[in-house]
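One structure is given below, represented as structure tokens, and several questions about it will come after.
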Amino acid sequence: MSIYIDRASRVIVQGITGREGLANAQRMRAYGTAIAGGVTPGKGGQTVDGFAVFDTVADAVSKTGATVSIIFVPPPFAADAILEAADGGIRLIVCITEGIPVHDMLKAVAVLPDGVRLIGPNCPGLITPGQSLVGIMPGHVFAPGNVGLVSRSGTLTYEIVDQLTRAGIGQSTCVGIGGDPIIGTVFTDCLREFERDEQTKALVLVGEIGGTDEEDAAAMIESREFTKPVVAFIGGRSAPEGKRMGHAGAIVSGTRGTAQAKVEALQRVGVPVADSPAHIPELVRRALA
Amino acid sequence: MRLLEYQGKELFAKAGIPVPRGRVAATVDEAVEIMREHPRPSVVKAQVLVGGRGKAGGVKFCSTPEDVVEPARAILGMTIKGEVARRILIEERMDIRQELYLSITVDRASKRPIIIASAMGGMDVEEVAATHPEAIATFRVNPAAGYWPYIGRRIAKQAAIPGSVMGQFVDIAGKLYALFFEVGAMLVEINPLAVTRDGALVASDAKVDLDDNGLIRHPEFESWRTDLPDHPLEQRARSINLNYAYLSGRGDESVGVIGNGAGLVMGTMDAVRAAGGEATDFCDIGGGAKAEVVRNAVDIVTADPRVKALFINIFGGITRGDEVARGLVAALDGGTWRKDKLVVRLTGTNEREGRAVLEAAGITAVETMSEGAARAVAIAKQG
Amino acid sequence: MSIYIDRASRVIVQGITGREGLANAQRMRAYGTAIAGGVTPGKGGQTVDGFAVFDTVADAVSKTGATVSIIFVPPPFAADAILEAADGGIRLIVCITEGIPVHDMLKAVAVLPDGVRLIGPNCPGLITPGQSLVGIMPGHVFAPGNVGLVSRSGTLTYEIVDQLTRAGIGQSTCVGIGGDPIIGTVFTDCLREFERDEQTKALVLVGEIGGTDEEDAAAMIESREFTKPVVAFIGGRSAPEGKRMGHAGAIVSGTRGTAQAKVEALQRVGVPVADSPAHIPELVRRALA
Amino acid sequence: MRLLEYQGKELFAKAGIPVPRGRVAATVDEAVEIMREHPRPSVVKAQVLVGGRGKAGGVKFCSTPEDVVEPARAILGMTIKGEVARRILIEERMDIRQELYLSITVDRASKRPIIIASAMGGMDVEEVAATHPEAIATFRVNPAAGYWPYIGRRIAKQAAIPGSVMGQFVDIAGKLYALFFEVGAMLVEINPLAVTRDGALVASDAKVDLDDNGLIRHPEFESWRTDLPDHPLEQRARSINLNYAYLSGRGDESVGVIGNGAGLVMGTMDAVRAAGGEATDFCDIGGGAKAEVVRNAVDIVTADPRVKALFINIFGGITRGDEVARGLVAALDGGTWRKDKLVVRLTGTNEREGRAVLEAAGITAVETMSEGAARAVAIAKQG
């Protein structure tokens, strides 16, 4: 088992004729992902390196039966691509694009239909090791296993997974949810899925300063909506507080959002928080014991 | 991109939000000229982004072309919490009866803009929020539905905004909401939103923070950049689209950190601190960086004289190890940075090829992040 | 039984301090409707003719427990009043206001939360005879009974109900859905409710030229989603076709929308269509037999 | 409120939708002046709301100030399907390669704006819709989500819009959608949307129908009213906010119908027809009408010389019978209409008081609508 994607997931690549889109389509295919084709408006009917190209997502979905898409289109057009995917019949949308205007995402997320899951934007995607990679992660550092991982960071995740794999700890599914202020899927969404997933026996949660996503996850653990063992790492503990401006942020988040607050919230509900990525494998091993 | 008060008020005025009559000056002569045209009781305000300018002497009063000279001279060039006031805003003084608070920001948890209001505005609104949360009204607006007047009425009622200004408040909240989306803001804040003696609402201050990603839709704001007191190295980095931050810090024994991915760079800084050191320069080369980008990153970080050791931590995904190595070697060849003050950790995609490039240049990469952090801190402590 | 409202419905009046609002609040109270108070921004705390006035709907709902509101605010502010009601906790919103900009309604209807029912605008409201009047109909022409009525017209409905009542045929609930292009509740919504309502044994459907609401109702009868006997009247059969402009309307509605099309659609599914309101009681009597 | 082509194109141009260069003229002299300034191959088009002006001779060509005289003289003042052309639009002629169709209207069933497009535009698009429905693409836009470019691409693909103009099409559809909401339109239609020989999309015609209720937000459009060829009685009724329609009809044996509520008035017209007569004047006094309104209604309907009998049908809800009766008596007292050509049916609220007022003035009200209709038709037939 796994969450969100598995070997059967059929994936289309939005922006497949771009440099990033094509290179990553090739990498995903090489990993074993079932890439059904790609979308680039105006280039429908062409084929690039064996990938069928369609003009619209609706067209691609009706002709390939894909239900997952991964987006590599430039920032000004990415929110449109997300909504096109949803409208076209895609159920899981993974948006890699970095630099999308926050207001584009505010609007897009607000009108995303029920039943459509968006991961990202500005995320590395997700992977069910040995089955399907829908993202830009280096597939070779991952290994199948029973530990789930959800992370707000990209490269830090590779670092952590690399250590897990070297320590002999494989992963069920690893989800990079992205670091933008407005993202489609947050920690608590993933926790709900991992709770249901029988393969997953423990979870690694990689947080970051800012927002209250880690505190929300802690609340979910406290309320026993999530019951599996969790090991956490919070990135940016040494980062200085940003030059703050205005009172609004402080009013909204109160004392939450700092690394300190996140660590405390997690520790309070019994989640061990690693001081360094290097300590994570040992904590996971103990959690699984 | 955070805007200075006068820039924010320019946006407010265009959006139809009442602001005091005023003009900005960059020199004492300009200040005198402004007061000559409008000799009236005025306030002279330092244009800085940091808070607390009043206590720091950055706000003074005048009434004539003569008595603006002293305040203007005092404030222009003044340093407030490390920030130099390069401009002053000269505004008519208002007779203020009450100070309200109104802002809109992005609420990550609900994924919506949140409107925040209080009848207890002024400097201490954050204190009010902590001690009297019931005095703060909030409303998370569904961006698909947009702002409707009932939202303003509901907030006004909940925040106990005086009934006499309710209509104005509802109108201003609507205009502020429209402006928030129009300019792609992360924050628009009016604190205080003044109730004048004759019962009018006026935005007495303006704080606007624009979403940097949104600036692709607003090239008109680029010209305002030059007003912002960023560190010169940050300005240089931005001009070549490099994600760099010049962080405050003691400066001795400092480590400059370069990595691919903000999370990894932050994690590396954590590792540096765990090893007993301090990172003062943050540089994220992003995903899939070419050699040229690496070279620029090294040039900028090593241009900070505080930096005593440079730690480059790369975990290759779409970033290729050999590209990074080539950029690094080029930077060292073309610059003055010494190899013995450099620590490199390189793993992931094309790791082997990268290590070969480095070894050919006499650089040995370390195996793990912890090892690299420890070595970098040791180098920095040697000075 | 009845649909939408009964004796227990607690109602607030939005715009209660206006001339129309107050006069109708008094008329509804006189009929027996449980008027819990009213809303006029800026006049909260006052009392008008015994009605408590609140500043906001949220306030009125929290203090009175009302779940129904009726709106008498001027056209430019009516859509805002509808959304305020929904946001304030009202479940059934009856909007009497005539002349609301169509685009205000397009936006308001699009964002009305699930579970909130809007009747109108530009409608006479609804009545469950003998129990509750939430509207501007002349209550005295209605009588309790087992015939439901749903109508796009106002005064024509009074005419028809008057004839029913004089013929000894009482009504379960009569709903005036309004004649604007964009309305909250359409025939099919009401048919679904009347189908479930045990008291209702037959239905009078009063249609009008324009739109396809009558055709949709006929389709629902055909698919057996509505199974009770129906008698219909279509107003405006002698009205000339409006000066038409553009092709869009014709493309959208095709040959539907004319009085002729509506009459045929209804007759095709076995619904007798009266030539004149005067014939309706006889048709209803036969339907009930 | 339906707009003439030149008015619609003015809105298009402001919205950034390409239109041919052109100007409107109300006289032959103005037309000559326009051609003198821009002597180029041009088309002269009658500005009327009815369709089929081409076949009726309302579209002609010219190239010089001299040869515009004949077409301008011919078209100005021309009557097309009962409508007088008071203005002509003089536009540059375009070299058209293909005619597309694009419109947005209100779809009552889905409660959404619907975008309609076809690659088979021109006069016969309605025929295309009937015979080749697959050549018509539609998209019902959720107004909360708004228009996004993918919608335009999806429609373009489905309607087989040529790929070479897809980008322009997506852009124009977005601008048309924004305009639709901006002006509060019931319909915006471009037919044909021309593909010129050099591959540009240009709105060759413009049909815009504004929501009358939305005009409270758009006082700027009121000045365009005078251009519209309404019947003078309709204009008079509108000036006093009375819902009145002057309907076409033979005109002899005609019944004027006044009632409260559009549905009741329509029902009454049906009853008149059922009784063998014809109603040519529709007047809805609305709910809760005061005596003054009734008086105005009678004045306007009886000003139509075709009307041979007047049938007033009131079912009192919030409308009070005594108010109606008083207005009616006042209208008869102050006017020339004869009581024996009047039929009144009055029931509902304050029915008794109303009947008393009428009887005091020598008018007897009938009991039912059918009875009233029969009597009115009989009176009309007497002439």
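The chains carry the letters A, B, C and D, assigned in the order they are written, with residues numbered from 1 in each.
Methods note: a residue touches a chain if its C-beta (ideal position, glycine included) is under 8 Å from a C-beta of that chain, and two chains touch if they have at least 3 such contacts.
Note that the coordinates shown come from a computational prediction; the quantities given were computed from them, not determined experimentally.
Student: State the pair with the higher C-beta contact count; candidates are A-B and B-C.
Tutor: Between the two chain pairs, A-B has more contacting C-beta pairs.
Student: What's the distance between the Cα centroids of chain A and chain B, rounded to whole Å?
Tutor: 27
Student: Any idea how many Å lie between the Cα centroids of chain A and chain D?
Tutor: Here the centre of chain D sits 54 Å away from the centre of chain A.
Student: Between chain A and chain C, what distance separates the C-alpha centroids? Give it in angstrom.
Tutor: Spacing between the chain centres: roughly 48 Å.
Student: At least two other chains touched by the same residue of chain D: list those residues.
Tutor: 142, 144-145
Student: If a residue has to touch 2 or more other chains to count, which residues of chain C qualify?
Tutor: 107, 110-111
Student: Tell me the shape of the graph of touching chains, choosing from line, ring, star, complete and other.
Tutor: Shape of the chain contacts: other, as it matches none of the listed patterns.
Student: Looking at the complex, which residues from chain B come into contact with chain D?
Tutor: Touch list, chain B to chain D: 144-145.
Student: Can you list the residues on chain C that touch chain B in the complex?
Tutor: It comes out as residues 41-42, 44, 55-59, 77, 79-81, 83-84, 87-88, 107, 110-111.
Student: Sort out for me which residues of chain D touch chain C in the complex.
Tutor: Going through chain D, the ones touching chain C are 2, 49-51, 101, 103-109, 111-114, 116, 125-126, 129-130, 136, 138, 142-144, 181, 184, 186-187, 189, 191, 207, 209, 211, 213-214, 216-217, 247-249, 259-264, 266-267, 269-274, 279, 282, 286-288, 315-318, 347-349, 368-370.
Student: Where on chain D is chain A touching in the complex?
Tutor: Per the touch definition, chain D meets chain A at residues 142, 144-146, 148-151, 153-154, 157, 163, 166-167.
Student: If you look only at chain A, which of its residues touch chain B in the complex?
Tutor: Chain A residues touching chain B: 20, 23-24, 75-76, 98-104, 106-107, 109-111, 124, 136-138, 141, 151-159, 162, 179, 181-182, 206, 208-213, 216, 233, 235-240, 243, 245-252, 254, 275-278.
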